[in-house]
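The structure appears right after this line, and notes come after that.
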Amino acid sequence: MDIIRFIQYIASGTAYTLGVTFVALPSGLILGLILAIIYVYGGKIAARTLSVYSTIMRGIPPIVLLFILYFIMSGTINLSPFWAGSISLGVISSAYQMEIIRGAILSVSGGQMIAALAIGMSRLQAIRYIVLPQTLRLAIPPWSNEAAIVIKDSSLVYALGVPEILRRAQLISASTQQPFLAYTTAALIYFGLVLFTNTLLRRLENRLRIPANP
Amino acid sequence: MKKVSVALMLMFLVASALVACASPEADSVLDKIQEAGTVVVGTSADYPPYEYVDESGNFAGFDIELMTEIAKRMDVELEWTDMPFDSLIAAVQEGKIDMSISCFNYSEERDEKVDFSDAYYTSEDAFLVAEDFAGTITNAEDVANFKIGVQSGTVQDEWVTTELIDAGLMEESNLSRYERVDQAAMDLQAGRIEVIVADSVPAQALMGQFGGFKIVFEDMLYTGPINIVLPEGDSELQERVNSIIAELQSEGFIDDLAVKYFSD
Amino acid sequence: MTNKILTIKNLTKIYGDNIVFQNIDLSINEGDTVVIIGPSGTGKSTLLRCINLLTKPNGGQIWLDDEEITSKEVNEDNVRQHIGMVFQNFLLFNHLTALENVKLGLIKVKKLDKTAAEAKAFQELERVGLVDRAHHFPGQLSGGQQQRVAIARALAMDPRIMLFDEPTSALDPELIGEVLEVMRKLSLAGMTMLVVTHEMGFAREVADRIVFMEKGSIVEEGSPEDLFNRPKFQRTREFLWKITELYGKKEQEE
């Protein structure tokens, strides 16, 4: 097999990698954001429940959740490997993203909320217009870490036979006996994806940076 | 806020209830296959020459071609699902695929979860070593004195684990389990392991591809025959597959395939 | 006949077993500026937070005009927009420009349309002399400028009364003057104000009444004239002596 076809074969798995990432990361963000707000502002019972949720979801290896969703629950919901993988990663990522956003909310000074209430805003308005815009800015750097992790973890769907980058590298490595080339190619593609995402997020961070005197 | 936590509790309850009532349905998979006009077959396409990806990215190999013929005789379309070897049994068990062909040997452990077709081919196991290997192996158990590599989850893995490690003949630390056999070959080349215990056909293939290896022992360690993995307790499907295998054997189709894939 | 804007009766606040203050009575007439002085930890900030419903008192009542705002039926958000509050550490919204800081409440709380809100916001910035800084972010403003924007933000809501909690304590000495000047003008223009401060010069000049609080209760109150020159209590005298000593020295060092 010539080298171009070899690389093309592996690279064509990128669509699955991106697909899983594009489902898992945004759904984890939306869920994580909502849960973080409930965690911080929702009272003690909600906070305790969510802390349990966070511990479980961060403690469970993604592959285990993947297998539970795909194999064990298959009698009730028949998910395709792609969806089982995307949902598992999204749910796990929601716990990490909840912690990221919760940390960011807590590092926005409590005074901001008080000042917003003092001009007659409701708590919801204060969260929406004052706390969150500052929170999300603070959350970008740790969030770009999480994005890199999800991109790489998306390779787990290979265990269900989704022909993403890593599985393709394995297959072609087995048939050509060129593991070094196969895995280097896979690594470079992941590296490129992570680099691209991080650069994009760093630009966003700079663009949204609140101006201040040095 | 109480509402929120109640909602979360409900979600946990529903989730566990879903897990609890998940049970396979009773209809024969054969009916389902014929109704759909398609048989979904799982394989782990990283085990040449049985199953691998060819230059145009399609599945190829001994098992692949055999299954293609079986599907043709069942008069249904064939749909391949590639999965890591370790996931295949679970996938058959949970009905994610209709059956699996991936150089499976019979084992009791597996038989508890799934059924096997009659053997369609009988393979031997081989001990693959570097050309300058100086040790002597007269009985199969002698291999316990060396650092061994196997593909994890294979019958060879099971043989080394039960017959050598559990029997106290060797330390578990002397066994390296690889996800794929070519990784083992790289370590053999690098001297990190001394012997690969593998199916003799892929062992011969590795010898050709890597160079600098030789086979010092060849025998049927376990039951050598390879079978198609079928859903548990589905005798209709099992009979259908078995009769086609018998046909293909008597027609010489399988022998021809063996020559095509295993002769070099 | 003067109109009482704020009336406080029997107000008590307790944190755990710490009685911050007990049975406080206080009322403020429309257009008056009342200054509260007293040592640290006496509950001055807590009192202001209770008035603004940011903290719930354990007992007592507060009326704003004729409405009892401590009653259970009131909409707290609604009450707060009629009470302006200026904090020691400014608390501008960090991600918004000066103009946006003033404008936000007008749009989200008063539901003004964008043009009306912007016009009103500029008007308030004009009042504190910061129109030229409208598009600066808090991080680009001096402390004094930030505090003036904070005052403009509170004024924009057209409050019935303005509460100031040590508005100059966090400022460098050379920036205190500009903030006090804004407050002085505001008082002259007839705004009703309740000010917690250690700035005795301001209190003497601007206050209609001075309230001396200590250890959770009001020790004495009266006109600046009476309080500074003829304090009734030894405690008041000692506090005033200490504070002039402290701030007097600071002024000499400049």
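Order of writing sets the labels: A, B and C. Residues in every chain begin at 1.
The definition used in the following text is that a contact is a pair of C-beta atoms (placed from the backbone, for glycine too) under 8 Å apart; a residue touches a chain by one contact, two chains touch by 3 or more.
Every value quoted in this text rests on a predicted model; they were computed, and no experiment measured them.
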{"item": "Nearest-to-centre chain - CA centroid comparison", "value": "A"}
{"item": "Comparison of A-B and A-C by number of C-beta pairs in contact, larger one", "value": "A-B"}
{"item": "CA centroid of chain B to CA centroid of chain C, Å", "value": "78"}
{"item": "Rounded Å distance between chain A and chain B, as computed from the means of their C-alpha atoms", "value": "34"}
{"item": "Inter-centroid spacing, chain C versus chain A (mean Cα positions, whole Å)", "value": "46"}
{"item": "Chain A - residues contacting chain C, complex", "value": "109, 111-112, 114-122, 125, 129-130, 133-134, 137, 210-213"}
{"item": "Contact set on chain B toward chain A in their complex", "value": "1-2, 4-5, 8-9, 18-19, 21-24, 42, 45-48, 52-55, 57, 81-84, 86-87, 90-91, 93-96, 179-183, 185-186, 206, 209-210"}
{"item": "Complex contacts: residues of chain A adjacent to chain B", "value": "1, 5, 9, 38, 42-43, 45-46, 48-50, 53, 67-68, 70-77, 158-161, 163, 167, 170-175, 177, 179"}
{"item": "Touching residues on chain C, where the partner in the complex is chain A", "value": "52, 54, 77-78, 80-85, 87, 89, 91-95, 104-105, 108-109, 137-140, 150, 153-154, 157"}
